[in-house]
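Sharing a structure below in structure tokens format, with a few things to ask.
Which chain is which? They are A, B and C, in the order written, and residues in each are numbered from 1.
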Amino acid sequence: MAIPADETTAGVAVSNLLADYAACIDGDALERWPDFFTEDCVYRITSAYNFVRDLPAGIVHADNRRMLQDRVAALRKANIYEKQGYRHIVSVPRIGRSNGTMLETEAGFLVVRILAEGSLDLFATGRYVDRIDFSGERPRFASKVVVLDSEKIDTLLAIPL
Amino acid sequence: MAIPADETTAGVAVSNLLADYAACIDGDALERWPDFFTEDCVYRITSAYNFVRDLPAGIVHADNRRMLQDRVAALRKANIYEKQGYRHIVSVPRIGRSNGTMLETEAGFLVVRILAEGSLDLFATGRYVDRIDFSGERPRFASKVVVLDSEKIDTLLAIPL
Amino acid sequence: MAIPADETTAGVAVSNLLADYAACIDGDALERWPDFFTEDCVYRITSAYNFVRDLPAGIVHADNRRMLQDRVAALRKANIYEKQGYRHIVSVPRIGRSNGTMLETEAGFLVVRILAEGSLDLFATGRYVDRIDFSGERPRFASKVVVLDSEKIDTLLAIPL
């Protein structure tokens, strides 16, 4: 597979990938989550404050897919996850520059948390800064930086974003 | 009309349909709402809990378009609807399998309620699990299952989602 | 550049434009904001109540791009803006009628405000009623009417929406 030659096809492919990704997390299918990434992917969660200053220290930093698998295993073991749900709403994406089989994209997002007794709250907002690799049989994230708008992040450590 | 042969065209057609659908409800043009469905449509509102277990009992269950028309008539008569507004935000959609003129899609959504005095609150989140029929002059929902994330649903009975 | 002949290409072009627009505001790149508009643009912020009644008095009314530049200059001078951030989430857009190089579109949106101490609140919801001019080297808003769902708007005067 290659990057679709025209921006239109690329735009829809990106929307589909982002929608699949969000559905995987919200559907608690976390075992499938690492498969959205390339083997030597970068996955980071950071804040807008740190991102703008290019500070490397993020909230989460993974250098490859195995680290994401370990993360899922740890989450399952900790079992923190069961009593609340999440809903990702992804804004219309921007298609950026492409280079070979790699495409840069960005999309704003919002995550609502659904608590066990049923109430909803605004959990996080931010943007995905992604590089998508189209060289495999399906598009995967070569790099995904989750840039959170808020610095208040203590409770965020558990959930993939 | 047939399902667009390529996924790109289908993706944009689905986005347009979802956007029209949301605008119809948010614009309080409920008399147009049943026309988004085929005559023998299924329309259900259920919770994630029930949906995963395939429990048939939903919050709302309609087997055909006439039931949707009756619902609108009842809403208009009850007149519950006037003092608050709604805003649907639909996340980027996923294009699923197609079969003949029928296309499966899913999209996360969020509904904000606008109260009479002007305050905004998070009213509902969930996902649309849709089958779209492209055999007519315009795409319509052959089946729309509104899967709500929260079990707390008492006040939801009034509004189409 | 002309309006893409097919609705699919137009749909992706519109998504891209809306995503760029939102990213510009959320990224506090306000000096670039007026450039999303044509020179003789109309930019209005109004409420659903006024919009439906076609009342001309809006919260903000600009008749050309220079007024938008003045607005940014005033905002920078007032310096109101620094302590909070915003995140626009734009729903899937509707592609409407086209006329020559002009395309009508609509999209629901939601704005979350990020306060200095890190909390998130629902700041505004509404829809963009846009006319996009494709005659230049890139698409620009010939008219953008921001129709807010709520009448409670006192604090909205500062931020471009």
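The rule we apply is simple: a contact is a pair of C-beta atoms (placed from the backbone, for glycine too) under 8 Å apart; a residue touches a chain by one contact, two chains touch by 3 or more.
The structure presented is a predicted model; accordingly, all values stated were derived computationally and were not measured.
A.B. asks: Could you work out how far chain B has to rotate to sit on chain C, using CA atoms and steps of 5 degrees?
C.D. replies: 120
A.B. asks: With touch defined as above, tell me whether chain A and chain C contact each other through largely the same residue numbers, more than half shared, or through different ones.
C.D. replies: The interface of chain A with chain C is built from mostly unshared positions.
A.B. asks: Using Cα averages as centroids, what's the distance between chain A and chain C in whole Å?
C.D. replies: 26
A.B. asks: Among all residues of chain A, which ones touch two or more of the remaining chains?
C.D. replies: Residues 8, 11-12, 15, 89, 91-93, 107, 110, 122.
A.B. asks: Mind listing the chain A positions that touch chain B in their complex?
C.D. replies: 4, 8-9, 11-13, 15-16, 18-20, 22-23, 26, 85, 87-93, 107, 110, 112, 114, 117-122
A.B. asks: Taking the touch rule as given, give the residues of chain B at its contact with chain A in the complex, in rising order.
C.D. replies: Residue list for chain B touching chain A: 6-8, 11-12, 15, 48, 89, 91-95, 106-110, 122, 124-127, 149-153.
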